[in-house]
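One chain, subunit A, appears in both complexes that follow, with subunit B as partner in the first and subunit C in the second.
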Partner chain A sequence: MTAAIRTAATPRRVAAGWRRVLESIWFAVGFPLLLLVVWGIWATVAPQKFFPDPVTIIRAFVDTWIGPAFVEDVLPSLARLGVGIVLSIVVGVAAGTVIGLVRWMRELLEPTLEFFRAIPPPVLVPILMLIFGPQDATRVLVIVAGAVWPVLLNTIEGVRSTDSVMTETARSYALTFGERIRFLVLPAASPRIMAGVRQSLSVALILMVISEMFNNSEGLGYRITYFQTNYLIAQMWSGILLLGLVGVLLAAIFGFVERRVLAWYHGIKEVERA
Partner chain B sequence: MTTARVAPPTRMRARRQTHRIRKVVLGVAGLLGFLATWQLIPALGIVDPRFLPPASEVLAQLGHQFVDLEFWRNVGRTLTTWGIGLLIATVAAVALGTVVGLVPYLRRLTHTTVEFLRPIPSVALIPLAILLFGFQVPAALLIVVYASFWQVFVQVLYGVADVDTVARDTARSFGLTRAERFRELVLPTALPYIMTGLRLAAAVALILTVTAELLIGIPGIGRVIVFARSAGDVTTVYVYVVVAGLLGLIVNLVFRVIERRALFWHQSVRGEDAA
Partner chain C sequence: MPDTLLEVENLKKVYESSTGVVEAIGDISFTMRRGELVCIVGPSGCGKTTLLKCIAGLLAPTSGRIELDGVGVTSPPPSMALVFQEYGRSLYPWLTVRANVELPLRHTALAKDDRARLVDDALRAVGLDHAAGSYPWQLSGGMQQRVAIARAVAYQPEVLIMDEPFAAVDAQTRADLEDLVRTLHRERGMSILFVTHDIDESVYLGERVIVLSKSPTWVQEDLPIDLAPERDQIATRALPRFTELRTHVYEQIQRAKRGEAVRPSA
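Right after this comes the complex of A and B.
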């Protein structure tokens, strides 16, 4: 019975499989391709000064960024971004854990920290440049000064809302302080921490660009401004494209890390929903 | 049992009261401590007072600004750009998000496009905005709208998709029309999501308004910072940074209140009240 069905169904299932693959390809790239084609046709039919066609932009992308410019402008920017993000996360989680665990400290510092979080980070750029001068370390500092707050405040919140039964269980099982942090507090806070990190990433990327648009002579942000002031339109678009790719890359890395770190959490949610 | 039930409320209320007072006192102490540290750093020469004026000087200047009409005009300019940008972004995001979110085919079709466009930092569009609109307010609006649009749009997509299947089927079998289903079912489900998106978008919009003022030179508090900095008036720079922070705080608070008001019927808000 089952064998008969299986032999009968095989060809159709293969066809259905192909159809599904084609369908998902269509859903993945169909609409972007359609947009690009429309843009291309529009740009050739009615040439716009500021909207070159996609082919020109991609050609400019290859000419501009693949080569020495990658080492001179892109890599330093990305390095500063990376260092800034890592520092923000480390500082934010470390300080947030301490503040979150000690109640008087939390109550003492929370209003002040909320104020710092509320400051739109770009206004810190002129101040930090003033105090520390325009150098690499300052640009990293700018990124940290803006990106640390979401991680810090979310860590405080996450640590604070650790389940009290679990905290007491850990205490009565005589877990050492280090063990408690590692096996209870940090995992319990990790969904909140990751939510904070997600906010930090976009702030960090914005600040990387802004810190380079302020009196600077290298880096992605500077390059794009340079192209614009010199009316190199296609190159400018290629820079926007590159920043978009950096953003997508960051989001992809974050998604990958989040799925690994929070695998248990998503598992619980799934079970709860079912 | 009954005594246990009667006794705690008053004691608990009293304890909650002392807790609240303690929290306020400590919070104020924290702020004062921060101001004291700020006052001491330039006084002790850790950072040159030319680069970091003492807190007292900045606060005194801030007091003077409060009675200066030009100060309020600048705050008004910033808030106008911010408000218009946020409004355009919200309306567009709710409209588009509802359509895309309700039609599964469109949702799948636009997924990759959204995932690519969303992470583009909107500051990358500043050069384009300058080319298109010159050094004018619409250039700032482009950036503000782009950044805050995605915050709301993504939340609307989640929210519209979150409609309970049983409720949806029930509504269908009770013969609710499409408009009724939208008003009675989709909207209430999506509203908490929209409110979250709106709160995030409000903060992001303020950041990008100030950024546009800093980098493009749109009138507002950001431009005052640039002017003061190039004039060497460091105190004014700090005054406006504090003002920017205060604006950020107010925006956060106001949108949190709006969220609670709009969602007074929702479990998340009612639950908080009961606890």
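Right after this comes the complex of A and C.
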């Protein structure tokens, strides 16, 4: 019994890890800084009416969003976005697990689901608004109606492709249904589920904006449209900047969760590459 | 026949897939007594894994009967544990070694402490107590195989079925694990069905060795191993009788591979 366990981290690799973190932060921030500088120079040399320089936009950003607008527009938007994403994941994973496990359901539903997934979600927005009225729940519904499909279809695929030997192991040790879901089906599907969630996030952000462009009086999307139609160009760009930042924040949260949920998966990949 | 545990009668298994029809098992019949340790050997691809999966209730036979304790097997029996040949795929990579071994015990009526003790004992028995917190993919193939064995041992089955469980294990560990199997059999009275491709191992471990023919498979020989129940890696393997038996089994397998043995018409 001599074989050694491959240790995950040694002190030297920890130090190297810190250097890598600093390096990647520098890389992450460096390019946007460069872009800002180029943009600033360009805007000074050749001023554009619809594309002001960065200082103007950042000033507009501070004036527009830091203050009551944050509570009146940004927070409600983010709340609907959050609820929409969580609902999409819960509904997508729950329905996907059931459909993935039951063969006849899969065969019955899969073509229909592909059809719904193929519909570009924005076209549904006016219809849903008409049917359910312009209220918070409708806007959340719009987000879910678009963002649920990647999670749902990926979960079905992930559940379906669970390794047969792992399933036989669960059967031969008579694991209960709950244990099978918790310790086999969901973890086995988790790489696919996370891939679906990643796609859903960007769809959800787009739909959050679009859902607010129709007869609304608050929200990020409403504000940006308002600035646009009233020729408040710098304010409009500051709104777009804010959307970009929300996207970055979503990606960061996703990355944080994914590294934890899929630690085993990345570990296997690392071992295979070594 | 006193106290029959397992009865396999005219078992036949044909795989039907989109690529064609494979008759894996032609006609296998044998019985096993309670507390017996039976080894199964046969040429590669003769259907040993298929036979075990039918007995474990994971595959439905095409025809024939399998009875455990006089009851037909249609789904996995609760008192049985199976160590899969594909050990790497039978461990869950998202669970630690300890959690993998503990998983089948979660829904049993055991108290938490008893469960932990069983897991510790099993891991110690296969020499992996130091690796309890690791993940399976951090271990070598032989170590993974031992985790799968520990999981079966901790489950405390009445019937233990092992499909080439030591294939990836080094020689010294293999000798230790062989003695562990003998101990489980002798001290806990476990009934063990053991598939191996190693002829020496089958003679050293078994009270009986069943030699299977090549596909479509039938029982070519059912050989009692008349060695003393106390076996010792060095002394037993040095016995003239041991050499005779292993030579006999070896010749039978050679005949099986060449398809020379003629199936007695029933």
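Definition applied: the second predicted complex is superposed on the first by the 243 of 274 C-alpha atoms of A that agree within 3 Å, B and C clash if a C-alpha of one lies under 4 Å from a C-alpha of the other, contacts with A are read in each partner's own complex, and residues count from 1 in each chain.
In this section, a contact is a pair of C-beta atoms (placed from the backbone, for glycine too) under 8 Å apart; a residue touches a chain by one contact, two chains touch by 3 or more.
Just so we're clear, the structure is a prediction, and the values are computed from it rather than from any experiment.
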Practice problem: Please work out whether A:Tyr173 is in contact with subunit B alone, subunit C alone, both, or neither, and reply first, second, both or neither. | Solution: second
Quiz item: Which one hits more subunit A residues, subunit B or subunit C?
Solution: B
Practice problem: Return first, second, both or neither, reflecting whether A:Gly239 touches subunit B, subunit C, both chains, or no partner chain. | Solution: first
Quiz item: Looking at the overlay, does A:Pro111 come into contact with subunit B only (first), subunit C only (second), both, or neither?
Solution: first
Practice problem: Kindly classify A:Val165 by the partners it touches after superposition: subunit B alone (first), subunit C alone (second), both, or neither? | Solution: second
Quiz item: Looking at the overlay, does A:Leu184 come into contact with subunit B only (first), subunit C only (second), both, or neither?
Solution: second
Quiz prompt | Touched partner set for A:Ile268, first subunit B, second subunit C, both or neither | solution = second
Self-check item: subunit A residues contacted in one complex by subunit B, in the other by subunit C
Solution: none
Quiz item: Quick one: in the complex, what on subunit A touches subunit B?
Solution: 27-32, 35, 50, 104, 107-112, 114-127, 130-131, 202-203, 205-206, 209-210, 213, 221, 224-225, 227-228, 233, 236-237, 239-240, 243-244, 247-248, 250-251
Exercise. Give every residue of subunit B touching subunit A within the complex, in rising order.
Key: 22-23, 26-31, 33-34, 47, 51-52, 108-113, 115-128, 130-132, 206-207, 210-211, 214-215, 222, 225-226, 229, 234, 237-238, 240-241, 244-249, 251-252
Quiz item: Where on subunit A does subunit C make contact in their complex?
Solution: 1-3, 5-6, 8, 163, 165-166, 168-169, 171-176, 179, 183-184, 187, 190, 264-265, 267-268, 271
Quiz prompt | Residues of subunit C that touch subunit A when the two form their complex | solution = 53, 56-58, 75-76, 78, 80-82, 84, 86, 89-90, 92-95, 103-104, 106-107, 127-128, 130-131, 134-135, 137-140, 142-143, 151, 155, 170, 172-173, 176
